[in-house]
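Each of the two complexes below includes chain A, the first together with chain B, the second together with chain C.
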Partner chain A sequence: MSAPIIRVEELTVSLNTDDHQRNIIDSISFDMFPKEIMGLVGESGSGKTMTALSIMQLLPKTIKICGGSIWYEDKDLLKMTSREIRTIRGNKIAMIFQNPRMALNPLMRVGDQIARAVCLHCEVSSEKSKSMAVELMSQVGIPDAESRARSYPHQLSGGMAQRVLIAMMLACKPKLLIADEPTTGLDVTIQAQIFKLIKEIQSEIGVAVLLITHDFGVVSEVCDRVGVMYAGQIMEISSVIDVFTNPKHPYTQRLLKSILRVDRKSDLDTNKALSPISAVFDSPGCRFASQCDCVRPECLWERPKIYTDSPGHSVYCFNYSRDNK
Partner chain B sequence: MSNFFNFILRRFLLTIIAVFGVIILVFLLTRLLPNNPAALRAGPLADAELIKQYEREMGLDKPLIVQFGTYTGQLMRGDLGDSWRTSQPVREELGIRIPATLELALSAFIIALFFGVPLGIIAAFYSDSWIDQIVRVFATLGASLALFWLALVGVYIFYYLLHWAAAPVGRLTIGINEPPEITGLFLIDSLLAGDIETFKDAFNHLWLPACTLAFIVSAPIIKISRSSMKDVLNADYIRTAKAIGVPPTKLLFKDGLLNAFIPILTMLGIVFGYLMGGNLIVEQVFAWPGIGQYAWKALSTNDFNAVQSFVLLIAVVYVSLNFIIDLIYALINPQIRLE
Partner chain C sequence: MSSTQNSIQNIEIKPSVISRSEFLGKIRFFTRFPLFIFGILVILFYLLVVIFGPSLTVYDPTIPNPQYTLGQPNSDYPFGTDKFGRDILTRVVYATRLDLMIALLVASLSFSIGSLMGCIVGYYGGWLDKVIMRVVDVMFAFPAFILAMAITSALGDTVQNVIIAIATAYTPYFIRLTRGEMLTLRTRQYADAAISVGNPSWRVALIHLLPNALTPSLVQMTLVSGWAILDAAGLAFLGLGITPPTAEWGVMVSEGAQRIITGEWWVWLYPGAAIVLAAFAFNLVGDGLRDIMTREEQ
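Right, the complex of A and B next:
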């Protein structure tokens, strides 16, 4: 396998409130390789969005990165000045969000918004950038791109708006595209189209995609690899096939089971029971320990070391690392 | 585009209706004042016969509806009636005073605008930092200091102690001639006439009352700029702009300001209306020959026509400001322009 384009190393992100500090992301590490689609799944509040925003350096003011590094081409993004970061954002690393219609400036024509993204990173005239914007729009499957470019966001459907955003983010052919639940709030049929588009674009321009989602169905269809997060920790990273056929971590196993059940529309509560309560964020050990069926004493005070089941399949769980010694 | 014209037309008709409503309201309100203006005009020694005669002359013996008909008829012809106090046409008396108030209001407005909006924006951008704290203290001062007190302190410091400002008696020093009237605004007229001496003198008289007013009205401008900018900076499209690497100044003054401008604009309209109609206190302290002083005298002597005309004038100012704001709003916001 080639060298990773992004290396996240022991990234720790904390939310400081008046009385105490909580690590909403607790020392996570993962690599992303060129041209792959990696999924990031986990329940609400597990820190997927914060992971993505850390890479982009777009965290809300109250939330700070307090440890680790994020390597992009031998440079640590976390050590860059804000000016240096701006040359990366939208250029080498781009991100699309949920609620695409809200993510576009309501007072600017969508074509101009795309053209602006082009202008920011490439030395082109404004006419050229406008025609490039139209080109990009037809590339992401917007019919009648020329006239659509003159629309305002409120005139577009959610699906169209997301395509516009994708076009905007692809303007400079980034190396990594982060998609944070890009289809939340869209119709099911539109959702499928957007994922199809992301996949097409990934193979066409060879961008790596970090896809954040709740939906294991999407993971199985779109992703090559997947990382499973719980309460700010990564529990397991593996290929998509392994995660379904050979899930190692007790949390992954529970999650898959509960999702299968939810599919049969019986018991939604299993899912709720799993969602992290705030106390686990202060635990020094595995944050899933209090819910885990196979919990060991050391799980409560020590972080599990990485256990590699097979190349590319890592689990953070004492049940494996100790057995294997 | 035709939607845009529809919108303007609708707004314009509403504006006309509003003006008409104001006319009715003002008419009724002044008739509800407790004193009989005919009696006042006749003086304390007059007998009933004289009062009756005055009432007939002033048309006060007719039914309200007839009085109203006469009144609106006059209005249509641009006739605001005569002041019962001075026996001069109200239109002329107001006409002389409007430029004075307008010059003061415009200057204060421009100062407050160019001061308040950027301050509010910067405070929003650096929210909760020391810059923000200072700006907020400043705005709170402006909101809580009494205009009267501030004006007097201003005169004391800048005229009496420092001599930076001219004596607070009117728009020009006695002996300096008014510039030939073009706009009625002395600063502009004196420049147009190339008369630097008059310009300097007018400026020396103007800046202190203008700054006093500006200080007071910049408070709401700062507050609304800060809060609407803060909202905008949290919006998703600002995050998108950051995600493509838009630099902060552009982010703030292009993406941000345009979107935050709509609530700010509404506040600017209110502030300007207030400056036109509400700066009586400053006009009093600085002996500024504007419409505020005139209205005060008219009100204290039950000078119907003058009071009516003043209230009407201010109401028309407010209503037209609202119309203009709606226009700008539609120009900025495509959702209104195109739907």
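Right, the complex of A and C next:
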């Protein structure tokens, strides 16, 4: 495999309240390779969005990155000045958001918004940027792009708005696209269209996509690799096939069991109290330990090391370390 | 990508151009606010007076006419004359120019400076925000008129200084309004989206967020226009800022005030009425705008 496009190393992000500091992302590491779609799954509050925002350096003021590094090619994004980071944002790394209609400026025609994004990165005249905007809009499957470009965000449907947003983010052909739950609030047929669009774009311009979602159906359809997160820690990273056929981490196993399926009666009771409670954030060991079925004593006070089973399948769990086999 | 295109072909596309019936609907919507319409009409009338008035009057606003001092209104002098024999109608018409100019300049000056400052402190926050908002609090502690009085007497009596003084007194209103809006807008997702395509922060604040923060300030701007007329006239009445023999409503009312007991009512009534009507009209429009905005939001 080629060199990773982005390499997150022991990233730690903390939320500082008046009385104490809580690591909402605890020393996570993962790589992303060019042209792959990587899924990041986990339940609400597991730190998926915060990971994405850390890469974009868009964290709210109360939340600080307090350790680790994020390497883009061979530059550390966390050590960049705000001027340097602007050359990365949009140009190299772009992001699409959960609620597409909220992510568009309500007072600006969508065509102009895309054109401005084009202008920010490419040296083109405003005339040229406008025609490029229309081109981009038809490229993301907006019919009658010429006249749609003149409409305001409130005149668009949710799916249409997400297409506009995708067009805007593609304006400068980024190397990495972060999609933070891009289909929340859209109905399933539109969801399918948006994911199809993302896949098409990914293969067409060869952008890597970090897809944040909590929908395993989407993961199995779209992604090449998956990272499973719980309470700010990565539990398991593997190829999409391995995650479904051979889940290693007890949390991944339980998470998969919780998926509702027509052909199987789900055991909902075993999965209650699964979501992170605030106490687990202060634990020095594995944050899933308190709810794990195969917990070992060391799980409670020591962070599990990475254990690599087959190439590209890593688990953070003492159950798989060589001494315990 | 053709299959995706086909599947969304049947989504209804709203035309972005306003059709004729939609336009009539908008007109009908405004008729629900009769006072607002009245205010607009009065302001339009004043504007007509500003543009055409001076060319329709036959007298000069400042040259005395000893033959006919303190003359009763008659067909030659519809509003009568003052103690120097100057035609009141002519003076009221010329004063309209001056007072409306003051109102508009004050409103636009305080609006542009106030909104810009509010935008910056609201978006960036930090120590600058703290310092400016404390200064604003101090300025709010004074009634705007008193503040304007202090500034005018410090700067000296010219029209320019009156405008600066009143504009300064009303700038805090706009700072506070815009800052408040910016505080909520900067957490909106489109602010993040604008940053994530690579906009520098000043562009996010000024180009993407500021236009969205201006709605309450626009209402305030109309109200401030009305208040500015009252303040300019009030200052002139007290002998500050604009001084005789300039044709100005406040100056004229102050000259007429000496005549209230002696019965020459026309000297003060007409300029007084002009002030009241103008301030009233701007207030009606301001209140109407606020109602319309809230109605539109619902």
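Keep in mind that, in the parts below, the second predicted complex is superposed on the first by the 308 of 325 C-alpha atoms of A that agree within 3 Å, B and C clash if a C-alpha of one lies under 4 Å from a C-alpha of the other, contacts with A are read in each partner's own complex, and residues count from 1 in each chain.
The rule we apply is simple: a contact is a pair of C-beta atoms (placed from the backbone, for glycine too) under 8 Å apart; a residue touches a chain by one contact, two chains touch by 3 or more.
From a predicted model like this one, the values you see are computed outputs, not experimental measurements.
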>> Both complexes share chain A, so when I overlay them there, do chain B and chain C fit or clash?
In response: clash
> Once the shared chain is lined up, is A:G141 touching chain B (first), chain C (second), both, or neither of them?
Replying inline: second
> Which partner reaches more residues of chain A, chain B or chain C?
Replying inline: C
>> Taking the superposition on A as described, I'd like to know which of chain B and chain C A:D18 touches: first, second, both or neither.
In response: neither
> Which of the two partners, first being chain B and second being chain C, lies in contact with A:R150: first, second, both, or neither?
Replying inline: second
> Which partner does A:E123 contact after superposing on A: first (chain B), second (chain C), both, neither?
Replying inline: neither
> With the two structures laid over each other on chain A, which partner does A:E200 touch: chain B (first), chain C (second), both, or neither?
Replying inline: second
> For A:L165, is the partner it touches chain B (first), chain C (second), both, or none of the two (neither)?
Replying inline: both
> Should A:D293 be classified as contacting the first partner (chain B), the second (chain C), both, or neither?
Replying inline: neither
> Is there a shared patch on chain A that both chain B and chain C touch, and which residues make it up?
Replying inline: 56, 58, 82, 86-91, 94-95, 97, 99, 102-107, 116-117, 120-121, 152, 155, 165, 168-169, 171
>> Give the list of chain A residues in touch with chain C in this complex.
In response: 56, 58, 60, 82, 86-91, 94-95, 97-99, 102-108, 116-117, 120-121, 139, 141-144, 147-148, 150-152, 155, 157, 159-160, 165, 168-169, 171-172, 189, 193, 196-197, 200
>> With touch defined as at the start, can you tell me which chain A residues reach chain B in the complex?
In response: 56, 58, 82, 86-91, 94-95, 97, 99, 102-107, 116-117, 120-121, 152, 154-155, 165, 168-169, 171
> What residues of chain B sit close enough to touch chain A in their complex?
Replying inline: 235-237, 239-248, 255, 258-259, 332-335, 338-339
> So in the complex, which bits of chain C are touching chain A?
Replying inline: 1, 4-5, 7-9, 11, 13-14, 16, 187-190, 192-201, 207-208, 211-212
